[in-house]
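After the structure tokens below, expect a handful of questions from me.
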Amino acid sequence: MFDRLPLPSQFDRTIIAGGTVLLLGATPVLVVLAALLVVDRITAPEFVFFLASAVLLASAAGVVLMKNIVHAALCLVVTLLGVAAIYLLLLTEFLALVQVLVYGGGVVILLLFGLMMTNAQDDPVVTDGSQKPFAFGVAALIAGVFIAMALDAQWGSPEAAIIPLPDFGARLFRDFSLPVVIVAVLLDIAFTGAFVNARRADAASAARGEARS
Amino acid sequence: MGMQFGMEQVWVLPAIPAVLFVVLALLNPLIPRRGDFLAALGMATVVALVFVVMKDYASVFHGGEFAPEGKNAFSFDWVNIGQGFFTIQFSTFVDGITMVMLPVVTIVATMVIVYSIGYMHGEVRYGWYFAVLCLFVSAMLTLVVAGNLIQLYLAWEGVGLASYLLIGFYWERQSAAEAAKKAFITTRIGDVGLLIGIILLWRATGTFDIQGIIEAAKNHEIGEKYLTVSMLFLFMGAVGKSAQFPLHVWLPDAMEGPTPVSALIHAATMVVAGVYLVARFSPVYAEVLVARDVILYTGLITAVMAASMGLVSSDIKRVLAYSTVSQLGFMFVALGSGAVTAAMFHLFTHAFFKALLFLGSGSVIHATHKQEVESLGGLHRKMPFTAAVFSIGSLALAGIPIFAGFWSKDEILHETLNEAPIAVYVILAGTAMLTAIYTTRLVLLTFFGAPRDHHAFDHAHESPIIMNAPLAILAVLATVSGFFVFDQVGKALGFPGGIGANVFLEHAHHFTEPDYAFASVATLMSLMGIGIGYAYWHGDAKRAVAARGWAPDLHALLVNRYYMDNLYQGIINRVILGAGSLIAWFDKKVVNETGVDGGAQTVSYLGYRLKFLQTGRIPNYAFGMALGVLVLAIVAIGNA
Amino acid sequence: MIPLENFLVLSALLFAFGLFGVLSRRSAILILMSVELMLAAVAINFIAFASYRDTEAFSGLVFALFVITVAAAEVGLALGIVLRLFRERRTANVDEASSLKW
Amino acid sequence: MTDIMGNGLNMQYSLLLPEILLGLTAFLVVFADLFSAELKIGYRLLPLLTVAGLVAALAASLILADQNSDFAMLVTVDAFTTFFRVLFCAVAIALIIGSHEYIESHVNHPGEFFALLLLSTAGASFMAGARDLLTAYLAVEVLSFSLYIAVSLGRNDPRSGEAALKYVLLGGVASAFLLYGLSFIYGVAGSTQYATIAEALGGDVSAVRGELVLGLVLIVAGLGFKASAVPFHMWTPDAYEGAPIPVTAYLSATSKAATFALLLRWFAGPLLPAINEWQWMIAVLATATMVLGNLVALQQRNIKRLLAYSSIAQVGFMLMALVGMSQITAGGLLVHLGGYLITNLTVFIAVIHFYNRTGKEQISDFKGLAQTNPYLALVMTAGLFSLAGMPLLVGFFTKFILFQSVVEADFLWLVVVAVVASTISLFYYLQVIKQMYLYQPDGDPARWRLTPTGYLTTGVLLAAVVVLGVWGTPLYEVADHAAAALFPA
């Protein structure tokens, strides 16, 4: 999929390197999980969940830690695909599909373009801010609080339900028809924003001025 | 006509100058003479109406019908919202305290406006000056007749605004601009207290109506501690406006304004608003003695401090300003001793003689363009009339019998002796003597002795009649206004009695003849003060040189004032002047620079430190947000 | 069956990772990526709650769909601004875009 | 029509007429701008068209004022919504009339700018009217997206791009916080409908209290960002300074008011049962905001930055009203919002016209304005004094009502902090007034005049500042009526 993009040649190597790292990282997890599955300590969905979570979190860590921003961007792809897998586990195929299409197909490409057009073309390696240790502390504490509260809550062990796609469509386009319209306007606004900023302002103004005068 | 003018229509009094303000401010260039005569005529009309109102007040009394609710004269709902959430009425309230304030404000204002026609002649923004004076009078009258606290607060801020505009009248001068700002902000600190006090009282009683609040307090509907705190906050407003320690620092600086303004606003009327406020709530203060003690000692500290600073100040207007602060301290001492009548009486007489003194000093400044007493002297030869009236004012201030100040100060001292610890009386009496000393010094250095600045002296001249006429009227008032203490005088004028009988009809304080023994002691103190002042500051070198020739020994004795002078000098130099300088230093360094300016600087410095949190970097900002979330989350979870 | 808590813990971790990225990165685009991680966590939460706690109305699913859409739009919008800044200052480093301060 | 749960849905689109009109006008304006060369349309038509659309929307809002129903359980049209619809339309009208000269010469892409203004106004009124978390969230984003772009539209101003970047990145983080919080609320309540959430939170939620509390913290943080509450305020001064001045005005007016509309809807509606969990958070934020906003304002040298901190300080006052949530405090908040918007616009439009003439925006640049344009100096003075809460100006009246209502809710200590903070504010407002009146002009001392529209807008706003300051009862009655809609008896 990436070979169609006008990327620098180092990308080939990057993809291979990243894939290898991920594979190496995931193998031990895979082995442990497989063992647990075999001795019936976990069920198949749980197996998939833990595997997907491990990949997802590992690659998310890559997004925020990698020095090479191209590697970070590729990690983001893996993370978002992992999120799609989680959606599948939550029995929502449609959203998983949207996730893959919108993110894998759209957002990440957009971000890669952004990277190419800014610093990546000269120097793909970035340094992080000086508040990194504090950032780690705060983020870890927040994660701790959130996890503690998630484990503390008593939800009364509900069961996940499959939502039929036609019901979802009815809900989306009938009950929530107004938000669909609003979000259309929102996309339009975002488009306008990207347009007015990406276009050279002085050139645009000059063109307008000439047309008027 | 059909309608009889009286207490019911008292709202007309502030309305007239308000209309004048609008007319003068908007149409100024169109009116001949920039409208100065309009302001004077308007104020004269108000004075006439005040007398009509007073007549009405006296007649109601004679009818014997004066139920307290009958005094609430005029009201309409100004704000009435939220299904009884709250109502603010615009209402007027008239009683004996109002009856003291109304003539003071209107008469002094009229005198000042007439005087200003001469004094401000040819000045910049001549018309605007009169417009703002009218604004001030309107706000002050609103304050005096206000029936509820919101109205009172609005008027309170209104007089503050007018004062700000007038202190900063010569705003091209940096010092005037700074003084105006200082006055505005310092008094606003007091206003914060006032507003909090008002809100607290509203919280407890559900009303802004002054009489309603007083009734509620008297019926013990408000907890004592709560009431004490509220009343102390209310007093904070008075401290700011009436320039009491430690918020007194703005008043001497306020002398940057035109001198007639100092006479009207910073001597006779606005600065007594605090006294008026406390007097208005005196029935409540009678319930909270702790608050009353605070008032007493605040007044006492202020009286002593300001008097001793008056002793060493060399600017004629600043001496008078310190004197004003000190005399206001006397009034608060009276209020703190529960002697509301004495305080109101002193307010009444002080307004006239202090206005006289300020306008007199204005004439001196007008004639010589000098304010430093060190460079004046001998002016009685050039300005005999001014010297005469100024002396009358000074005698009144020093507390010499028959002059107005004597009667009122005597009342205060008398009440203090009866109602307060003996030490308070002793200190206050000492302060009265100090008053006589610095007054004498001021008169001697300004009008007597040899001229020290010949250029200024040569150009000095007597003021025009338009300035002297108000001085003459005020001189008469400074002499006779003290007699209103006598029931006989009040009755002769158709009132139920003297001021003592008028202020509180229910609890009249009758006064028919002075306590001669007590009065003699006070008079003696004042005379001693004058004597000390005279001994120390009188005379000039020439007379002494001439006398030396024919009897050197005698001369030595005389010129050294029987060598008593050395003793005096030693005492005065080392003790009194030293203390005065020390207090002045304390005031400048500690109260003014460390306390008031320092407070402002501390606040400003905090802002300076805090602004560096704003580093301009996105990750730092996000960090602030995350930290906020974390702290809130941890506290929230621990908050179970 | 996987308990609901598992998804919540996962999303909390993902959210914290994203937050860490926002706080520690200096490239505007990497910050944007980190925000995407946080929004992915949000979507997981919504979908988990919708499948477990709101099976009848499943508003959370619709919500998650909109979150994904809005997040995508935000990337486009923000990238435009980053590009503009890059054109003006030759940098996408947020620490260097700090002339507005104090 | 019924929804998937069998609830009847009222799909009466006419209820949304004001927003529909705003959206259509927005597209019309963009098209007019796009084909301006072909259609021979001058710049002047764009603001005219925009104002016409806004006036139509305002009229439509008034026509719908008595409707008391909802659109498909997503948007409520009641007195509260109408209050804000009218307010937002009026703000936008005043702003455009007052600043169209500025927009022409200092803003890139004026056509898009007007369209964004219209769409964000629609978003803001959806924020006030929403009755479902989803509508509310999308409305928030419509408003925010429009503003991210609007901030970036400064012409030849390098600060504009930086400000927009800060705003958009931090705005994204704040959105993530807000959404994460909403997901917890959704999880606890099992619904995005306000009414259902209120019901659910009113029941026993002790089993999931931790998640509820986290949700509240995150919502407070997310909306705190939009409202510029300390410590989520840090984008505010930078974005305000970098944005074109009308956008700054819009940020401090509509964006702020819309956030408070949303806060009122949420905290008086779905989240009210959990008041014990969030009350103290708002109180802490209010105190920090009042103190920090006022202190740092003292140190500012740029008028836009000063007004940014001043608006932060004002947010502190407004947050107080949320603490003791009741119909009275809500009414007090709405009154204060109304007065604040009028006053703030007065000051901003004066600043815009000053900038049009001089191209300067430092406080020291205001030297001698009393000589070169006494009228504008008067307008500024009245506006600043009103912001400081001086009596007989609308700022005093509204602040007084606000404080009064907070006292009524037994949060006296907050009011004491607020009154003291309010006094500090006088220092920095006087700094500006001092510059105008006490110094000689630095540059050309010649007198200059405003444009006719400048006189019109400042005159009308100044009159409102004074008249409502003396006679504010009508404003209160409208606000009280709107607040009553939040608390159905």
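A few notes on this one:
Read from first to last, the chains carry the letters A, B, C and D; within each, the first residue is number 1.
Operating definition for what follows: a residue touches a chain if its C-beta (ideal position, glycine included) is under 8 Å from a C-beta of that chain, and two chains touch if they have at least 3 such contacts.
Computed from a prediction, not measured in an experiment: that's the story for all the values here.
Counting contacting C-beta pairs between every two chains, the top pair is A-C.
Relative to the centroid of all protein Cα atoms, the closest per-chain Cα centroid is that of D. Rounded to whole angstrom units, the spacing between the C-alpha centres of chain C and chain D is 26. Each chain gets a centre from the mean of its Cα atoms; for chain A and chain C, those two points are 8 Å apart.
In whole angstrom, the spacing between the mean C-alpha positions of chain B and chain D is 44.
In this assembly, the C-alpha centroid of chain B lies 65 Å from the C-alpha centroid of chain C.
Residues of chain C in contact with at least two other chains: 15, 18-19, 22-26, 28, 31-32, 48, 50, 53, 57, 59, 62, 66, 70, 73-74, 77, 81-82, 84, 94-95, 97-102. In chain D, 4, 134, 138, 141, 145, 148-149, 152, 161, 164-166, 169, 173, 209-210, 213-214, 237-238, 299 are the positions where the chain touches two or more neighbouring chains simultaneously.
Multi-chain contact residues of chain B, defined as those touching 2 or more other chains: 611, 614, 616-620, 622-623, 626-627, 629, 633, 637.
Taken as a graph of touching chains, this assembly is fully connected, with contact between every pair of chains. Those residues of chain C that touch chain B in the shared complex are 19, 22-26, 28, 31, 94-95, 97-102. Chain A meets chain B in the complex at residues 129, 131, 134-135, 138-139, 141-142, 145, 149. On the chain D side of its complex with chain C, the touching residues are 4-5, 132-134, 137-138, 141, 145, 148-149, 152, 158-159, 161-166, 168-169, 172-173, 175-176, 179-180, 182-184, 186-187, 190-193, 237-238, 241-242, 299. Contact residues of chain C toward chain D in the complex are 15, 18-19, 22, 28, 31-32, 35, 38-39, 41-42, 45-46, 48-50, 53-54, 56-57, 59-60, 62-63, 66-67, 70, 73-74, 77-78, 81-82, 84-85, 88-89, 94, 97-102.
Of all the residues in chain D, the ones that touch chain A in their complex are 1, 3-4, 9, 11, 16, 23, 30, 36-37, 42-43, 71-75, 108-109, 112, 115-116, 119, 122, 126, 134-135, 138-139, 141-142, 145-146, 148-149, 152-153, 155-156, 161, 164, 207-211, 213-214.
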